[in-house]
Structure formats: C-alpha cells, structure tokens
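Presented sequentially are two complexes of subunit A, the first with subunit B as partner and the second with subunit C.
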Partner chain A sequence: MEHLLTVKDLNVTYVNKNRRVMAVRNVNMAVDKGDSLGIVGESGSGKSTLAMALLRLHPKGTEITGQALFEGKDLLAITKEEMNELRWVKIAVVFQKAMNALSPVHRISEQIEDIYRVHCPKASAEEIKTRTLELLKLVNLPERVYNLYPHEMSGGMLQRVAIAISLLHHPQLLIFDEATTALDVVTQGQILKEILEMEKTLATTRIMITHDMSVVATTCNKVAVMYAGELMEFGMVKDVLTHPHHPYTQGLQGSFPSLKGDNKKLVSIPGFLPDLSKECKGCVFAPRCSHATERCHKEKPPMVKTGEAGGAACWLCIGGEENGK
Partner chain B sequence: MANNAYIEIKDIQKFYPHKDGKLFHKAGERKYVKAVDGVSLSMQRGEILGVIGESGCGKSTLGRILVRLEDPTSGDVFIDGVSTKEILQKDTKTFRRQVQIIFQNPFDTFTPRDTIQKILLRPLKHHNIGKDTVERLKICKEALEAGGLRPAEDILSRYPHELSGGQLQRISIIRSMFLNPGFIIADEPVSMLDVSVRAEIINMLIDLARNKNAAVVFISHDIALTRYISDNIAVMYLGRIVEYGSADEVIKNPQHPYTRALISNCASVDPFEEHEEISIEGEPPTPINPGPGCYFAPRCYMATEECFKCYPNRVSCGGSHYAVCDKIKVNGAENS
Partner chain C sequence: MKRFIVRRIISGILTVLVVFTLNFALVKSAPGDPITSLMGKETDDPVLREALMEKWGLDQPVPVQYFNYLKNALTGDLGTSIIYNRPVNDMIGERMMATILLGLTSLIIAFVLGTLLGIFCARRDGSILDNTLSTISYATDAMPSFWLGLMLIILFATKLDIFPSQGMYNVRAGYTGLQYVLDVLYHLALPCITLVLITMSGYFRITKSSILQVTNEDFITTMRATGMSERKIFNKYIFRNAILPTVTMLGISIAFLVTGVSLIEIVFSWPGIGSMTLTAINQRDYPTLMGVYLVMNVSVVVVMIITDVLYAILDPRIRYD
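And then the complex of A and B:
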C-alpha cells in the first residue's frame, strides 16, 4: 500500500557558532491516508523540530538529511516555489498559540481572504465569504466572528479560527503542533471533540504533536513516542498505551495519574535529557533506564517489530525478553 | 464541619472595581468583578486540598489571598483559631513563618543574579534560624540532600539558569519548607514541568504534608493529577465553590452539572476508560455582577427557569460531600 507520507532516515541538526545540536536523528515513519498519528515526547524530544522540518519552516542554516516523501514528492528536495504550492493546499498546520499566529491588526475576514487568494487569485469575494462562513460553522463559531479582530476573541475561539483556516483548501495532511496545549480543560475537550466530529465528514490525515498522552489516547489511532530526537516506539494507540514495550514509554505512562482508575503511586524517570550536541554511542535512553545493561550503553538498538503494526527500539524487546517487566 | 479545624477559611470575598472608563460613579453604579465570592473551607493538619476549575474561576486569586499577596474585600482566614488579620497587624514575620507559597513558574521564582546559596540563606537569616552562616549552610545542605539534590555543594554554587525546571521547583519547595510552615499554597506547581519530572515534585509535596503535618492547598487545572494528590477537592466556578468532597467521591461520583462536564471533558490516558458525554457551550464569562440565580445556569444543560431566579442551596450528598445545585436528587438517585 502506498503511504501518504513516508519519512526516511530524517536527521535535523541545528548549527550555531560553536555547537551542532542533533535535534532529530534517524527517524523513520510512515503515515497512511486517514490515519491520525500522535507524536508524544517531553520538551526537547524533537517532536516539533520534526514537524517544522516536514513543513520546511526550520531556521536558516539548519542541516537536514534524509527523505520525506509526500505523494511521491520529496518535501525536503523540492524547490521553495513547489513547497509554497503545497502549503495550505495539501499540507496545513495549526500552531500552539493561535493568538500569535493571527495578525492583530486585521479582521479575521481579511486574514482568511489573504490566504485564500494566494492559491486562488481569481476567486470572487462572494465565493470566499461563503467558504469562510461554511468553515466557521464547521468549527462551531458564530457568524459574527467574520468581522472581529483577534483581540476581541478568547483563546478557544482563536484556536478554532486557526483550525478553520487550516481547512480552507481541503488539505490532505493536517499537522497540529500542540494545538490544544494552551487551552483550558473544557475548551480543549470541546475542540478535540469537534476535530473528531469533523473527520467523520472530511477525509483528512492528521498528525498531532503533543506532550499529553491523554490527548493522544482520545483522538489518535496511532502513536509515535520520541525521546532525545529519536523514535523510541510506535504502534496502534490501543496496543502501545495498554502494553508499552519500551521502558521509556512505560516510564512516561507511569508518570500520568489515571482519572478514575486505581490510585497507583506515580513514578518519575530519574535523570535528565542527554546533551544533544554530543554523539551518543548506545541507546539514548540508557543513562536513565532502569533495565539498562552493558550492551545498551555500547550499541544502538535497532527498531524491532512488536505486535501487529508496532515497533520499539530496545534491546529488551529482542529475544523474547520483553516480558521481563 | 469540625470546629477543631486547623485552617478555617471564612467567607472570603475579593472584588475588583470594573474599569469602565468613568472616573466618578453615582452611588451604587460602580460595577465590580467578583473574582472570589464568598468561599468558606476548612482543613485539618496534614490534609491536601485540591482546588480545580477553569481559568478565570478565581482559584489563583484565592491562593494569593490565603498568603496575603492580596487583601480580601471581606472575610478572614483562621489558623489554629487565630485570625490572620490579627497576626498580620502585630507581626508580618510570624505570618510568613506560618504560611508559604509555591509558584507556578520556577524560572521566575528566583533572583537570576544570585547563587542558590544566597537565595537559600536569605530566609534563614531573616528569620534568625541557625547561629551563624556555617550552621545555616549545614541546614541548606541537609535540606537539599533530603530533597534528592546531590551533590549539595555543587547545587549551592550554581545560578538559577544553570538548573533545570524540575530542580528549581524542588528548591522552591525546599525553601518554602525551611520555616516549617503549617500552611502551604501550591499554585499550579507542576504545570510548567515535563511529565517525567512531574511525579517527583508531586510525591515530594505529598511526603511534605504527611511528614511535617502541614496543610496544603493544591491549585491546578489538571483533574487527574489533583485527584491523585488530594484528600479533598473543591470545584470552583466564577468565584464560588460549587462542589466539595473527598477526592474519590467528587471524581467518581460528581453531582454538580459543572463538575460532571469538567470531568467528562477531561481526556484520560486510558483509551478504554468510559466517560459521560456532556458538553457545555462557551467559556466562563467575566463575573461582573453575576445574576441573582445560579452562576452556572447560562451554560448548564440541566438549567430550568428557577435556576435563574435565586442562588441554589447547598445539598449534602453524604458525608462531607456537598454540591451547590437545586437539581440534585440526594442519595445518587439520578446517577447514570
């Protein structure tokens, strides 16, 4: 089967005067049509860098190697103009802070019109307005929003506007970069529900970048766990969250309290993120891992198949030792 | 409510004048934002009370009033039967010894120009704990090591920007514990931290309440976390408490429609966990002269005409658990 997006051996390195920070290392992943993939990880795990690299929004001077095939085209190799054609039309993004994503001095209507005209320069004002109102309705916003300025709206409303804008040209791939993190519990719940509701009618593929496992649990069918720039584990949400194979995923899960289940003691993962500017020989997680053996510090574990559609990069998962704990 | 409660919060109110651009107002015309509108709670020693609610519900204002970073418009807090107003009039130092706060952002909590040593020595010196610097340093080192920050000498010589958020937050907790306060307010202490270090801060707070017998108010919007850490939970909406009870009772058997909606909107880590499908519209309004009826009525899915007429009464739902809603049928007859 043809994947919608295939990421092959992606490496992203931020270069500054005296340091090279390898923010994303050797990431391989595939996203199928209709998938909703959640990328989870702590801050500094490279999840946002990965998304920015796919969108080519990384800062100047960043070194990127590898491939990101989207419908047969390599997103990392095509020209700037070709990339601009893809933006909004094929790939759209919703950022964490909608208040910063929208211009404070223009009405919502003007901003949406701007984006619409970039790709359909001949569109009539009538056409744009109909489409905008249609989208505002889709994200549960009243029509009066059309004539408002961003400062007249609350955070939740702005985030909805940002989602509406991202849907403007029926993109195939939607990337949510921490899109609900800055919102309140209730607003977040509402927006997540609306996203799920929307997907019933629109055939979009979604990548959710978040640090909150519970968001992934409620809205995604696949999950990829990242740590220190590397992919630790991936698979179906119901498999990974119920039976995590990688010790890091297990640790991450142990630090989330359950809402209604048993009150088990929270366990934290000792230690800190490694320095990403230094080359790491073995498994990146080994210094913080309680199951680490000598081999873990010396050799990098390969991605091993776990279950139906999953994989984990851990020596423990090789040779049936995965049930050790 | 027991009379021998250690902390007694009595009818705290905090009104901010609403800025409408006018300099002078006729009598009775000035509007107020009622950030906290009559909150009464009581706590025992060693108890952790969780306060949850959406942003703008007044939970942080309540926290700031409890440590007197803000003065309440009316109402008072009693610690061990003594009014904090009286304590403050006599001696601020004594009050600060008893009540401490842990802030949300550990990066803003410390002076960036001072080393951790200087930061930690200051409260000890100010409150005359320890004979001289040598003894005070010893206290600092012991506290740091007990808090899992090793090697202590190394940490002491560092500046705040050289430490991680988790380490700084632990130092913040250690500093607030130096004076052996009986009452600690933790205002979203972990929301700035990464998930993997969150657990140790939470466990540290629990140990602290249990071992030092301090009463802790834990303010947060993370419901699952609040349920984990707290003995009792108070749910706030527009400056008023709408539901109060033991943590498990409130989360597993919520009575007030607002609490139910809050919990149903809260995503869970367990993909198989069932939850009620309740959605509420919109966002909380600014509490400028909220109506005579129930404050939640405009957004409530259970509201009837009566709800808009007068503020509902407190309904007991067994034990200390109560909810402020007239639509609740006691004994869980209406549970789904």
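And then the complex of A and C:
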C-alpha cells in the first residue's frame, strides 16, 4: 500500500561556526492515510526538529539529507513554490506555544483572512467568516472569538483557535507539535477529546509530537519512540505500550504512573542525553541502558522487526533474545 | 478610548502644574538675583535696588509672586524679561522657530535613516555591512554631542572650509526669499549632521533588535507554515509588531527636542532656545527662565499624551481604562 508520508534516512544537522549538532539521525518512518502517529521522546530527542524539517521551517544553515515522500513528492527536494502550494492545503501544523502562535496586535479575524487568502486570494470576507465560524463550532468556541485579539483569550481557547486555523483548508496531514503540552490536564483532556471527535468526520492523518505517553495512549494508533535523534522503536500503540521491546521504551514507561493496578515505584532512567555533536559508534542509548553489552557500545544495532508492524533498534531484540519483562 | 484620552489629559494638566511649581521654587531658591545682574558689579545703590525690586514685583512675598505669575501664565502671558525688558512670549517665539527647525529636521532625518538602516541590517544580520554599521553606531552613541560638533567644525569649517562654523544665516549678506532659505540650509548642515549622527544610532539599534526579535516569534513561524509570502509576513506582521518600541522612542525624542539640541545650539551659536536659556540662567532672568521651562514642560507633556494615545491605537494590549 502506498504510504501518505514516507521518511527515508532523514538526517538533520544544525551547523554552527564550530559545532555540528546531529539532531536527527537516520530516521525512517511511514504514515498511512488515516493514521495517527505519536512521536514520543524526552526533550532534545529530535522530535520537533524532525517535524520542522518535514515542514521546511528549520533555521538557516541547517543541513538536511534523506527523503520525505508525501503523495509521491519529496518535501525536501521540491522547490519553495511547490512547497508553498502544499502548505496548509495539504499539510498544516499546530504549534506548541499557542499563546504566541498568533500576532498579538492583529485581530483573529484579520489573521485568519490573511491565512485563508494565501491559497484562495479571491475569497470574500463573508465566505472566510462562514468557514471559520463552522470550525470554531467544531472546537467548541463561541462565535465572538472571531473578533477578539489573542490577548483577550485563555491558553486553552487559543489552542482551539490554532487547531481551527489549521483546519481551514481541510489538510490531509496535520502535525501537532507539542500542541497540548502547555495546557493544564483538564483542558488538555478536553482538547484531545475534541480532536478525536473531529476526526470522526474529517478524514485527516495526524502526527502528534509529544513527550507525554498518556497523550499517545489515548489519541494515537501508532507510535514512534525517539531518543537522541534516533528512532528507537515503532509500532502499533497497543503493542508498543503493552509489550515494549526496546529498553528505552521500557524505561519511558516505567517513569509514568499507572492509573490502574498497584502503586509501583516510578523509575527514572539514570544519566543524560549524549552530546549530539559527537559521532556515536554504538547504540546511542547504551551508556544509559542497564542491559547494555560490549557489542552495544561498539556497533549500532539495526532496526529489526518486532511483531506485525513494529520495529526496534536493539541488539537484545535480535535472534529472538527478547527482553520484555 | 475617549475616557482614556480625557484621563491622560487631566493627568497631563496636573503634571504641568506640579512641574510649574517646582520650577518656580527651584529658580527662586537659586543663589543670586536678576537685579544684581541688571545693576552691574560696581554699582550697589540700595535706593536703586529697592526701586528695581518694586518695579519687577520682587519685593512682594513669594506666594504672591507665585500666584501672580500663575494667573498671568494661564492667560498666556509669560511676563517681561528683566534683563532685556521685552515680552518673554516674543523672545521665545523668535527663538523657538530656530530650535524647531534644527531639532525637527535632524530628528526626522535620524528617525528615517536609522529605522531604514535598522530594517536593512536586520534582514542581513551578521553580514559585514551589518557588523560595520553596528560598530559605528556604538561609537557615535558613546560620543558626546558637543565634542562631535567641535570635531566637525574643525574638519569641515576650519580645515576644509566647506560649511560655516556658526550662526543660522549670513548676517552681512541680508539675503531674502529663496537665497535666504538656501543660506539657512547651508548653515543648518553641520549642526544637523552632528545631531543626526548622535541620535540615529538609537533608532538603528532599536529597530534592528526589535525586528530580529519579532522574526523569531512563534507567530512568524505559524505564518511561514501557512505558505504566506515572506514579503507579506514582513510588511504586515513583522513590521507592525517591531515598530512599537520605535514609536515610544520617537515620542521621547520629540518631547525632549528642545532640551536635546541645547548643547549643539551653543556649540554652533545657533540662535535657538538653548543658547537663550543659558544666558537667562547666568543672569537670573526669572521670567525668561520660567517661560522657557514652562514651554518645555508643556511640550513634553503634550507629546507624551500623543505618544500614549498613538501607542494605545497601535498596540491593542494596552488597556484604555
């Protein structure tokens, strides 16, 4: 089956005068139509960098290699103009800090009109308003929001506005870059619920970038776990979260409290992220891994198949020597 | 909005009154008095002194003097200069034009040039041109204006003899019409260049840093993600957000226009308010001094009110009430 988005050997390197930070290394992943993929990892794991690279919104002087095929077009190779045509019509994004996601000195209506007219230059103000009010209703916001300034709204409202704006042109792929991270748990829960509701009527594919396992568990069907710029494990959410293969995924799980079951002691993964400006010979997680062998420090493990649609990059998963405990 | 403006005007009037009173107290409490200047050093005739004191009303109790002055000032009469025996209104009127000509011309040039260069360099951040201009801007910002004025006089007036070193027009030539205008512009060049060089760096740096800051804001990334053209993003979203600090600075500069150019007026013998004030201070010419202070005071308050209102229009986050 043709994937909606295929990422092949993606490398993103931030180049500075005297430093090269390899923020994303050799990432491969595929997203199918109707999927909701959660990309999880701790801060600095390269998940946002990955999204920014796909959207070509990376800062100047960033080196990107690899491919990102979206409907047969390589997002990383097409011209600026071709990319601009795809933006918002096919691929839209909702950013982390909703509080700053809109210009503070322009009314919401004015900004939406401008954004809408990027792709429909002749659209009338009436038409845009009708469409926006439809979307505002979808995210449970009152109509009066349309004429407000960003500072007149709460964080939750702004996040909903940002989601509504992302849906203006019915995009096929929607990327949420830590979109609910800054919100309180109650508002986050409500918004996640609304997103799921929305998707019943809209046929969108979603990539959810987050560090919150519970967000992935409730709203995604697939998950990709990243660590230090590399993909550690991927697969169906129900498989990965119940039977994680990679020691890092297991560690991540151990650091989140469980609502059901016993009060287990939370375990944090000891150590810190490695220095991404240095080349790493073995497995990037080896220095923090409690199962690491000599081989892990010397050779990079390949991605091996785990289960039906999953994969994990770990020597322990090779040769049936599984480690799920 | 209406209430906001009314409130700002009321607080402005109160400010003027308070500063007016403080000025009166300050001028009165300074040692020396105008009668001594008027009589000269050698003569000290108690009868003459008394007569002069009575003539200028200085024999009356200070509170009475204060209220008399306040009453006259409210009707727009700033009194008569003790030293020159002329209405202060006329004296300020004559000199004000020269100060405004110098101050406003250089301010507008500095604002336009500084802002444009700031925008220009912000879009080429880190380039050689940007680094050069930034370094120069630090240097000119650190220079004392009178020193720079003197240096320019030495270079352009004394050594190269391109521009006149002092005055506002050629007193001997007696030009009229277009010739007079050109002559004034010719005399305006050096003091104006001095002021532009000194004040431009502020606009340059505030515009540049403001644009760089706004460019890195998240909402600009949002706009880019929507596929909006860079030109539209810059012209509408970056510019409108980045202009706010520049407006504040422009307001402050206009408010302090008169005081800001005083030193340069003295260096270039420009017949403006600044040089007149200095003379008035030396001779303890109370009415002239108070008149100048009052005009400065009112102009600062008025411009600040205008700036506040303008800012409230430009930035919706400012609350009107």
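Keep this in mind: the second predicted complex is superposed on the first by the 321 of 325 C-alpha atoms of A that agree within 3 Å, B and C clash if a C-alpha of one lies under 4 Å from a C-alpha of the other, contacts with A are read in each partner's own complex, and residues count from 1 in each chain.
The rule is short, and it goes like this: a residue touches a chain if its C-beta (ideal position, glycine included) is under 8 Å from a C-beta of that chain, and two chains touch if they have at least 3 such contacts.
Quantities reported herein were computed from a predicted structural model and do not represent experimental measurements.
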Query raised in the report: Are subunit B and subunit C a fit on subunit A, or do they clash, once the structures share the same frame?
Result: fit
Requested in this report: Have a look at where A:92 lands relative to subunit B and subunit C in the superposition and call it first, second, both or neither.
Outcome: second
Report task. Quick one: classify A:253 as touching subunit B (first), subunit C (second), both or neither. Result -> first
Requested in this report: Name the contact category of A:100: first (subunit B only), second (subunit C only), both, or neither.
Outcome: second
Requested in this report: Answer with first, second, both or neither: which of subunit B and subunit C does A:265 touch in the superposed model?
Outcome: first
Query raised in the report: Which holds for A:42: it touches subunit B only (first), subunit C only (second), both, or neither?
Result: first
Requested in this report: Please indicate which partner A:55 is in contact with in the superposed arrangement: first for subunit B, second for subunit C, both, or neither.
Outcome: second
Query raised in the report: Should A:242 be classified as contacting the first partner (subunit B), the second (subunit C), both, or neither?
Result: first
Query - For subunit A as apex, the angle formed with subunit B and subunit C - C-alpha centres, to the nearest 10 degrees - result: 70
Query raised in the report: In the superposed model, does subunit B or subunit C contact more residues of subunit A?
Result: B
Report task. Report the closest approach of subunit B and subunit C over their C-alpha atoms in the superposed model, as a whole number of Å. Result -> 6
Requested in this report: Could you list which residues of subunit A make contact with subunit B in one structure and with subunit C in the other?
Outcome: none
Report summary line: Per the touch rule, the subunit A residues reaching subunit C in their complex are 55, 57, 83-89, 92-93, 95-97, 100-107, 114-115, 118-119, 149, 151, 162
Requested in this report: Please name which positions on subunit B make contact with subunit A in the complex.
Outcome: 54-55, 164, 194-200, 202-203, 221-225, 227-228, 251-252, 261-273, 275, 279-280, 283
Report summary line: Per the touch rule, the subunit A residues reaching subunit B in their complex are 42-43, 154, 156, 184-190, 192-193, 211-215, 217-219, 237-238, 241-242, 251-261, 263, 265-269, 272
**Report entry** Touching residues on subunit C, where the partner in the complex is subunit A
**Finding:** 217-219, 221-229, 232, 236-237, 240-241, 244, 314-317
